[in-house]
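Input: structures, listed below.
Below, subunit A partners subunit B and then partners subunit C, in two separate complexes.
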Partner chain A sequence: MDEIRKVIRDYVVKEYLEEGDDREIREDTPLITGGIVDSFSMVSLKRFLERKYSIQIPDAEATPQAFDTVNSIAALVTRFTKA
Partner chain B sequence: MAYSGKARESYQNELANLRGQGLFKEERYIHAPQGAEIEVEFPTGNPPRKVINMCANNYLGLSSHPEVVAAAHAGLDHRGYGMSSVRFICGTQDIHRELENKLTEFLGTEDTLLFPSCMDANAGVFEAILTEQDVMIADRLVHASIVDGMRLCKAMQDTFKHSDMGHLEEKLAEHQDKRFRMVITDGVFSMDGDIAKLDEIVRLAEKHDAMVFVDDSHASGFIGRTGRGTHEHCGVVGRIDVITTTLGKALGGASGGCVAGRRELVEMCRQRARPYLFSNTVAPVIVSGALKVLDLISATTERRDTLERNTLYWRKLLTDAGFDIKPGESPIVPVMLYNAKLAQDVARDLFAEGIYAVGFFFPVVAKGQARIRTQLSAAHEKRHLDAAIAAFIKVGKKYEILGLGKNQIIEKYGL
Partner chain C sequence: MSSIATHPGYEELCTNFDWAIAERELGVAKGGRINIGWHCSDRICALGLASKPALIWEDFAGNGRTYTFDDLRVLSNTIAAYLDNLGLQPGERICLFMDRVPELYIGFLGILKMGGIAQPLFSAFGEDSLLTRLADAGTSAIVTQRKHVGKVRRIRERLPELRHIVVVDAGDAPLQEREVPMALDELPRVEIFDIYPSTSETPSVLHYTSGTTGQPKGAQHVHYSIVAQYLTAKWVLDLQPNDVYWCNADPGWVTGTSYGIIGPWSNGTTQVVLDSGFLTERWYTFIAKHRVTVWYSAPTAIRLLMRDGTQVVKKFDLSSLRHLCSVGEPLNAEAVIWSQEAFGLPFHDTFWQTETGCIVITNLPGMPIKPGSMGKPFPGITATVLDPRTHEPYDRPGPVGLIALRPGWPSMIRSYWNNPTGYAGKFRNGWYLCGDRASIDPDGYFWFVGRDDDVINTGGHLVGPFEIESALLEHPAVAESAAVAKPDPVNMEVVKAFVTLKPGFEGGPDLELEIMNFVRKKLSPLAMPQEIEFIASLPKTRSGKIVRRILRSKEFGEPVGDTSTLMDE
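Coming up: the complex of A and B.
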């Protein structure tokens, strides 16, 4: 789980923060409601995770709530990895 | 009664919240045609005052140009007021097709289709030409109308960091499994006034087999040596697959927009774009005015040259005075204040000094990026800009922001 969190966090920092943006991304930092990731850009994160972990996250499960923090995303990935 | 007390109360609370957050928008009533100087009633109920307009999209000063007004009058006389129809039933006059052909020639595309607005063009175009087999890769700062249009389309949505070509290339490579890729960008970005790197975008798109879409609403008529737009400025005329633009800014400022581009893509919009199919035709009076606008700006570059001179002059005045402005070449010149309340206070004080300019803050721009967006027009004369800078300096001194950079303004006023 910690490894998954790290992968997600690193991807979020690389993919969504602009150069010079030094906001800290913690495991409970609100990503979507906090304006760091918009709902369009969320697609690339979902796609990245599906490829990385060879899983399929159904669109119905890929809600802005489920993708709002590193913790909630990690929980989702774990659930589908086990499934 | 379906509109219950509960519903009314709920909406009243929501509106009160908007007011509480300083996000409530109020219209100001203008008692004059659009121009460099207008008479504005504000606050509502006060007698109108003459102010210098620094916030219109009237880039070429054609909104009230006598020849455009005369052409619109003639159109009204010869083709009537309304068509009472969508285009494909009985709403297409000879002048609609004439305007489409002129836009095609002006923009250097293969064909053009008129829409009631560019908002409608953007809302309809993606769904008409892309499917779930495709991907749309948009700059993260594209206009809200593009975001809405993408939401209506079944193609996969992805984004790249603003004007970051390395990131765009990563995305293009990543999506090679899709049938079609479309890179989506504004030509000139409306909030920062910066110009898309269309030459690089086109190069990457050609390398990775992608189409290119540009919304040139804040460019058509004045960006590029002869005002054709961002594609002319970047030397890629004929290599953009879809251009959407508006008649509601530089090109007369009334209303109406279009999709211009590859013949088949435009035809797909004629067959499938819902805002085209299910919305009324552009009124004859507007079509007639727009035809005259294209005649005027095709005959001479005088107006866009004046706009360019005004832009250079205004940018120099602000810089010399010590304001923190977004650098660039476009006539959108944001004066950065960072703090939302400061932006509102400065705009209010400028109005008291006879200058109409608007403060923009979250959610229109990112948090901590509040600014006064000033916009130049070919209708501005030197005296307007000299008067405007005098007012800016007076207000800037009051808030002690002249000569301060980003960090110093934030230190003084917070975010």
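Coming up: the complex of A and C.
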């Protein structure tokens, strides 16, 4: 789980934070409400997770709530990895 | 200020309608002095509402601030004086490139007060989107936040006319060439500012909007637009003295300025702003906390709320809500019915666009709603549907045609910036063409059918295929591309790209994700293709023009129509 959290956090920092945006991304930082990842960008994040972990996340499960923090995304990935 | 609390009938409102109703209430006349910045702040204070809350702002974490109309007056003076002191002149374009922070809303009024043209841009725009719009407008200054300044730095060398980059939250961060800090709380408050003597036709706001061909066009509004924005906000949104109003739209788009700034504040209405991404419970918490009474939202947001069901609604006290409206894309009948069940109130659909500046077809309060219909023309607006072959109005209800408006309402744009030919091309037989198709039923209600061009309406925002295709071609693997709309249950449409690859590249999920992220960063999350299909060749005419209509029709499961002019495979 820690490794998954690290992968997600690193990807969010690399792909969704602007150069010069010095906000710290912690595991509980709100990504959706905090305006770091929006509902359109969630599609690319979901696609990345599906490729990285060879999983399929149903659209109904890919909700803003599920994608709001590194922790909640990691929980989602873990659930589908186990499934 | 009078109101229509008793909701006179539609026919009664239309009888003897005259925009002079709004002119009288605002104390303006066509050709006379009008300054939107003054009308939304100083004038409201002069009406005895100086201590009334104008803006109740809250961020995603729940931190908030309240600004009265007197704060609006003084702080917009302060920003106007700051910009004036930078040497900015009336008529220069000043871009607002920020999240929904108070400086965005107050800065909008400040720019107008010093005679500048406010150019709000969506803060999620990437550097290519930003460059296109700033270069076309010849923008002189951009007001932004530290977290967005990196995008400006990467393009500023290609913007010789951009003299000032104003950073509202610079703090101790080192600034670079042309960058200046503007900490609003630390500036000396300017009680009296010599407001620019704008008149009704003085340019006020420049909003960029997408078309099928070419880069986005700058829709040029004037100060007289306030006449229509004031009255439509009052009658359609039904704003009344004690309302607490929430408009979900970002001021980077026209709804966020016409009805997120000018409409409510010219009516002296208290508005609330939430600077946060979408989460159902966060939104309901916000409505309950601030006792929101009038809510102007969008179908995409409503469908996301619907997805979470009515049970979650019951966890919150939303009893303050009394009037709901929607804009951005057609509001489906299911959403109207759901909102009645969830909130005990229907959403009232409204139709308009960047070029119209104000709501033009709508369901007025008190009017029977036909779920799924756009409603009827606002009083003073002559709307019809034209036969696409003759560009004449149909002589009977029923057929699908082009939505068209008779020009002349106060908030219609005066031209496209640097593009009068493009503007002239929007008219046929004296009608302004909206670019949408609809039918009219025997009761005079309009029913939306779809766009009449290749523009993609995603989540209520128009995205031009040309801009996306141009960005796709910048990717080293892409040889040719076509961007079209694909139906989507939440966003109505999303972007789908068809791509042919250069020799040596192979399509696959990794390249698809790489190209998606490439476009997202260049343009915006809205413009990012949510699906990319790698194909051997694109359908083209014999003259080599890509035929998007074929690709789009396949996505919508519609007949592809005439293919006789296509190049043989």
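Rule of thumb we're sticking to: the second predicted complex is superposed on the first by the 83 of 83 C-alpha atoms of A that agree within 3 Å, B and C clash if a C-alpha of one lies under 4 Å from a C-alpha of the other, contacts with A are read in each partner's own complex, and residues count from 1 in each chain.
Rule of thumb we're sticking to: a contact is a pair of C-beta atoms (placed from the backbone, for glycine too) under 8 Å apart; a residue touches a chain by one contact, two chains touch by 3 or more.
Bear in mind the structure is a predicted one, so any value in this text is a computation, not a measurement.
A.B. asks: Sticking to the clash and touch definitions up top, decide whether subunit B and subunit C on subunit A clash or fit.
C.D. replies: clash
A.B. asks: If you count the residues of subunit A that each partner touches, which comes out higher, subunit B or subunit C?
C.D. replies: C
A.B. asks: According to the stated criteria, A:Val43 is in contact with first (subunit B), second (subunit C), both, or neither; which is it?
C.D. replies: both
A.B. asks: After the superposition on A, what does A:Thr81 contact: first (subunit B), second (subunit C), both or neither?
C.D. replies: So A:Thr81 meets neither subunit B nor subunit C here.
A.B. asks: Does the superposition put A:Asp68 against subunit B (first), subunit C (second), both, or neither?
C.D. replies: The answer is second: A:Asp68 touches subunit C but not subunit B.
A.B. asks: Of the two partner chains, subunit B (first) and subunit C (second), which one does A:Thr33 touch, if any: first, second, both, or neither?
C.D. replies: second
A.B. asks: Contacts for A:Arg23 in the overlay, against subunit B (first) and subunit C (second): which applies, first, second, both or neither?
C.D. replies: A:Arg23: touches subunit C, not subunit B.
A.B. asks: Which one hits subunit B, of these parts of subunit C: 309-317, 363-371 or 417-425?
C.D. replies: 417-425
A.B. asks: Can you give me the overlap between the subunit B contact set and the subunit C contact set on subunit A?
C.D. replies: In subunit A, positions 18, 35, 38, 40-41, 43-44, 47 sit in both the subunit B and subunit C interfaces.
A.B. asks: Which residues of subunit C touch subunit A in their complex?
C.D. replies: 60-61, 99, 124, 146-151, 153-154, 173, 275-282, 304, 307-308, 458-459, 491, 509-510, 512-513, 516-517, 520, 525-526, 528, 530
A.B. asks: Applying the document's contact rule, which stretches of subunit A touch subunit B when the two form their complex?
C.D. replies: 18, 35, 38, 40-41, 43-44, 47
A.B. asks: Going by the contact rule set out above, which residues of subunit A touch subunit C in the complex?
C.D. replies: Subunit A residues touching subunit C: 15, 18-23, 30, 32-35, 37-41, 43-44, 47-48, 51, 63-65, 68.
A.B. asks: State the interface residues of subunit B toward subunit A in the complex, per the touch definition above.
C.D. replies: 138, 140, 147, 150, 156-159, 161-162, 171, 174, 366-367
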